[in-house]
Structure formats: structure tokens, C-alpha cells
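When the chains are written out, they are named A, B, C and D in that same order, and each has its own residue count from 1.
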């Protein structure tokens, strides 16, 4: 099983939850390893849980809430709004750049 | 303002932009006939206002109920030491008049509220969201949808900024399309007071807001909804994102499913899960 | 300015940026102790100056020999109708003092020339190129190399802008590394007067110049040479370019081959193939 | 012989020479068709002359001078300064994005 190499970026303050680093390069499995969807290609939902388990350093409730991404976070797949790409069902490809941005309110 | 009120010295004042392809005299007249309202005369509002006035936007509204404090002067460059304590709307109006006395400035030292939003915003063609809290951002989005006006939204915190024009053309998303629910915790929606701001980040984003508004007024905007994300310490510093179209099930602008309800009857503060802004202190 | 001259109300004035990671009291003191010079108090210089002053840069130089004209007010937002006819350096200094009276402002109403560049620029830590012609841009680049100071260069015309910090660290290229020879025809190096400028484009680029300078002063700059290209009508509007290192054969900053020669003996106007700027009218 | 598809962008005023369009999508031959280098893969020097012959609409002297690119024009290959990529010798690949930017002097 070959790993997928992804570039992950956090912005708008989310980087504070991930070791205060904006850019992370991660290798994730290309297929799901357990559960009733074992063997299926990995998708964005998988990545979100993988990041929570493997990269998140503090206050997980500010990233995932009720098993889904917290409101107020926008996800970009290769600079495109993830809603145009299938949201959580988007199948990850090697080399993808995924960005998580928290909406800002200040001015 | 009709073409025949265009004065000879206006050619001199606006000449540098009137010779541009896509502006010319017709574009300058559109600017003179336009009405733009800036909600918030703070870090984002100050640069936006100064460039709207300098470019010759005929009527400019400024809505802000705060007064100028010393902690504002680090970034809110229309305000001065001598105007500390004055309402920001009036201080900003004073600065604009010094730059361009021919612009009509409406200084509205009111808080924007669900009760007055529709009436206050209705006279303007373009709305700039230069506010600093989630509740007012949702209120502005709903009001822009209701009134059918584009909403040029800027935001800035720490070293980061965001820019997006909502409700753009017939298909552009509103703020609720992108963020159906506000951030869960009040802490995550912290203001500049709590998280800090490098002042000039608001200068970059506020200037870009004025630019979007000018493009909309003169007809140079491509009307493709996109989000610009800025990180002063990131490389590359700017990232442009292609956005979804309007969401048919959006409670703000959609045509199907649950609607958000009348603005006047919506409790935006509770929706945003906190006590900011303090509508009660604002007289509600 | 030593830490013991940091006043209690400075915590209030600069608090929003002092609570940021990477600034704090040490960063604020670096800003207070820094000297930054802005060459050109026009479209780029005005926003750069206002954010440098607001952020608390201790000493700010303004070099500009022009006087304020009506055609400037479309974008040069530190100048006002009541200061028409005043030297721009003085008009800008007046505006900065209203924002932050604790900043020391050196208003230098001189033209920057090969004869005076070294002396005028020497007292400052960072140089901002906010000028409007090729000859002065080459002069500033050579002077920055000679003095070993970073040069934050902005440019804007029509709907376009460019930003680059030259002579950055030991390996960063100078302006001549990128553009060994100036554009061939004088027409191609036209000024804003000739090609026009959407004013707020200078607001975007000038604000970004202040931001670069602040990052350099407080030590938050990554020192990777890059060029930012902005097109207000392009999608995406911003493009970041990774740049070459210093060129060993560069006549400006290189260590091999033909050198450009002493600044004082270089005819920058002839090098740039034209009669702009008119050094003679400037008293040379 | 397969063509290469390139995205060409002009900025800083150069677009005025190219039908006032900033973005051009062009198909060029993948190998040189004539001269003593016939059959060799095409490079940036080839592209510059190809653009002058095929896309340039006015004032060619503002783009090419003495058979080379006019001074004051910066070339980017996939957002990287072309000097890092071999300048005129850079071998074009299908899908490359090439940007020509004239330096600006205004303020």
C-alpha cells in the first residue's frame, strides 16, 4: 500500500492548534485501514480525522465537533472551495494541497 | 451628478484614472453618481474610505458608533490625536472632507442593528463590511441579500486577512452560503482587541475592499466569486480561491428549505453564541 | 530610544500589535529604535508612511522635492486640499505628526541625486523606493548596495503593481541583477502621468511596502527574495515569484566583471535613455 | 509531432502589444521545424520568436530587440524566475505557464 503525500496548510488562527506551523507535509495511507469501509480510497473525511489523531496538538474541539469539521472553517482543495469538489467525499490524490482556513471576524 | 456638473478641475483631479482603459469620463461619472457605504470606520474602514473619497465616489456613508481611542491610532489612520474621543464616523468624515471636499459624506454615528440595517443601508449601491464581529457580519450578509446589493467583506486578525465580495450578481454566494453556522466558541471569534492585529494588514485588506467597490461601480469587476486569503508571514502571501455558487438551501439567500427569517426578528448575537457585540449597551 | 523611555500610554497605543507572537515589547522597542526612509511621498509613499508612523517607527525620513498638486489628491492620501502648493515632504510630515506626535519625522524637500544619495540615505536602516522613474530606481539600488541596506521597492501603473525587496541579506539580488539594462524606450518607462494609475493600486502596494519594512525591523522577515506581481483586473490578482540570488557578474552588486562605477560619477538619466527626471531643473 | 499546450500571461503593460489580452492559450510545435537545430525540442528562445511571429500585434521592438528579449522584461516559468531555469535554453513542457512582465516605474 502506497502512501499519499499531501501538503496541508492552516490559516486564520488554526495553525495555533497544529504546533503553530502553517505548512505541514504529511504521508497518509491511500486506503482506509479499518472499519466497514476498509480498503476504500481515502477521502477528506478520513483526512480530517487523521489530522485530529496525528497532527493536532491542542483544543481538538476547535477543529472537529460532533465528528465533523467545526463550523467557520473553510476547506480548499488545490485552491478550490471543497464544496465544488464533493466536500468530505473528495478522494485524495498524491500531491494534493489541502488548506484549512478559519473565518476571521476582526477589523 | 450629471455630466454637466462635471467641472473643469475634475479633469485635473481625476485625470490619472480617467485616462485608463475602462474608466474614462463615463467611469468617472459612474463614480460620481455612486453611493457606497462603509460599515465600520476602524482598521479596514479607514483605508477603504480614503481611497473611495480620493477616487471621487459621489456619496459615501460611514456607519460607526464608536469613539476614537488611543489604541485605534496604531492602524486607523483617518483618526488623529486631536480627535481622540470624537465619534469615529465624524472623525473619518472630517478626514475625507480634507481630501476631497466635493464628496457628500453621511456620518452615521449609530450602531448597525437588526432594527435599522435595512433603512440605513438602502440608499447605497455597494456595502463594505469593515466590522469586527461575527454578529454584525451575519446581519450585513442578510441585509445585502434582502436589498440585492453586493457586499465587499474584509477581515483581519493578527498577521492574516481575508477578502470576499458576497452576493455578487445572480449567482454569487452570501456569507451564510460559506459559513452556514458561526464559529462554535466565542473565543474563536475573538476581536482584534483579544487576538491582536498588525495594523498595516488592515491597510492591505481595506485598500483591496475599496478597489473591489470601484471595480463594481465602474463595471470592471469580472463578477466571479472568489476569496482572497492573505498571510503577511506566509509564502506566498496571497492565495485566491474559486468559490461555490449560491447554495439553494442557504438560509440566507437560497430558494429551498429553511429560511433564516426576517432580519428584524433575528437574534444575531445569540446565533453567534455570545455576548459580543453588546446590543444592550448600544441601546437595544 | 531605550526601554526606560517607553511610556505607559505606549502600551495602550501599540497594545494590539504588542500582543502578537513575534512582536511583543522587544519588537515594539525595535520599531521605536528604527529609522526608515521613504523616497517619494506620492501614491506609494503616502500609505507606506502612514502605517510606519502608526506602528511607531521611531524615526521616519521623507525625501520628495515635489509640491502637492490637485492631480495628486486622487491617490496621495496624506495630502489635502488645504496643503496644495506645499512641498510634499512637509505636507506628509504634517499628516504623520497628527497621527503619531512621538515619531521623529525628517522632511527632506530635496531631489535625491547621485551627489546627495549616500549622505541622505545613510542615517536609515531600511529604504523604501516609492519613486516614479527608472533613473531614481537605479540610483536607489546602487546606493542601497553601497550602504548595505535593504531596499523595499514598490511600483504601480495603470491597474498593475509590483513589490520586491532588493539587497536582502547576503544573497538577495539588487535591482540591476533583475534588470541589468533599463527598458529600451523612454515611452516604455512612462510615468503615471503618461500611462495613468488607479489610485488605490498604489494604496495596496504602498501598504505592502510598509509591511515589508516592519517585518525587516522586528525580525519577522524570512529574507527569501521574491517578487510580488499584482494586477487589479487579473484572476488571480496576486502572483509570487521566487527570485534568483545575487548575480556575481552584476554591475551593481556583483563581485566579478564590470562594475557600474561610483554613484557620484554615474549619469543615471543617460543610462535610462531619456530626459526624465530632469536633473537640471532640480538644480544640478 | 505532438503540440505543446502553454498558458502565456503578459503583465505590466506588455499585454497592450498582444491584443490587450493578458492570458493566451497557445499550441506550439514540440520540436523545431527548420534551421540547423531542426528536430530539437523547443525552448524559451523558440517561444519568444514564435510569439513575435504569431501573437504580437503591434510595436514588436517593445518585445524583441536585436533578436533577444527586450531589456526590462522579466520571464517566469511556472512562477519561477527564468534565470533559475536556464533562461532561453529552458526546454518547454506541455502545460507550462510562462509569464512575461514588464518592469514598472510609476508610483
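Here is the rule we use: contacts are C-beta pairs under 8 Å (C-beta built on N, C-alpha and C of every residue); 3 or more make two chains touch, one makes a residue touch a chain.
Each chain and its UniProt protein: A, D = Ubiquitin-like modifier 1.
What you see is a predicted model; the values in this text were computed from it and never measured.
Undergrad: How big is the gap, in whole Å, between where the Cα atoms of subunit A (Ubiquitin-like modifier 1) centre and where those of subunit D (Ubiquitin-like modifier 1) centre?
TA: Subunit A (Ubiquitin-like modifier 1) and subunit D (Ubiquitin-like modifier 1) have C-alpha centres separated by 38 Å.
Undergrad: Mind checking the centre-to-centre distance between subunit B and subunit C? Centres are C-alpha means, answer in whole Å.
TA: Their C-alpha centroids are separated by 29 Å.
Undergrad: Going through subunit B residue by residue, note those that touch at least 2 other chains and give them in order.
TA: 21, 158, 192, 195, 197, 233, 240
Undergrad: Make each chain a node and each touching pair an edge, then name the shape: line, ring, star, complete, other.
TA: line
Undergrad: Write out all the pairs of touching chains, ordered by chain label.
TA: Inter-chain contacts occur between A-B, B-C, C-D.
Undergrad: In the complex formed with subunit B, which residues of subunit C make contact?
TA: 9, 12-23, 47, 50-51, 54-56, 70-71, 73-75, 77, 80-82, 98-101, 158-159, 192-193, 195-201, 203-204, 207-208, 210-211, 214-215, 220, 222, 224, 226, 228, 232-233, 235-238, 240
Undergrad: Spell out the part of subunit A (Ubiquitin-like modifier 1) that touches subunit B in their complex, as residue ranges.
TA: Touch list, subunit A (Ubiquitin-like modifier 1) to subunit B: 11-13, 22, 61-62, 65, 70-72, 74, 76, 79-81, 83-84, 99, 101-107.
Undergrad: Considering the complex alone, what residue numbers of subunit B touch subunit A (Ubiquitin-like modifier 1)?
TA: Residues in contact with subunit A (Ubiquitin-like modifier 1): 40, 42-45, 130-134, 137, 154-158, 160-162, 178-185, 188-192, 195, 197, 202, 227, 229, 231, 233-234, 239-244, 247.
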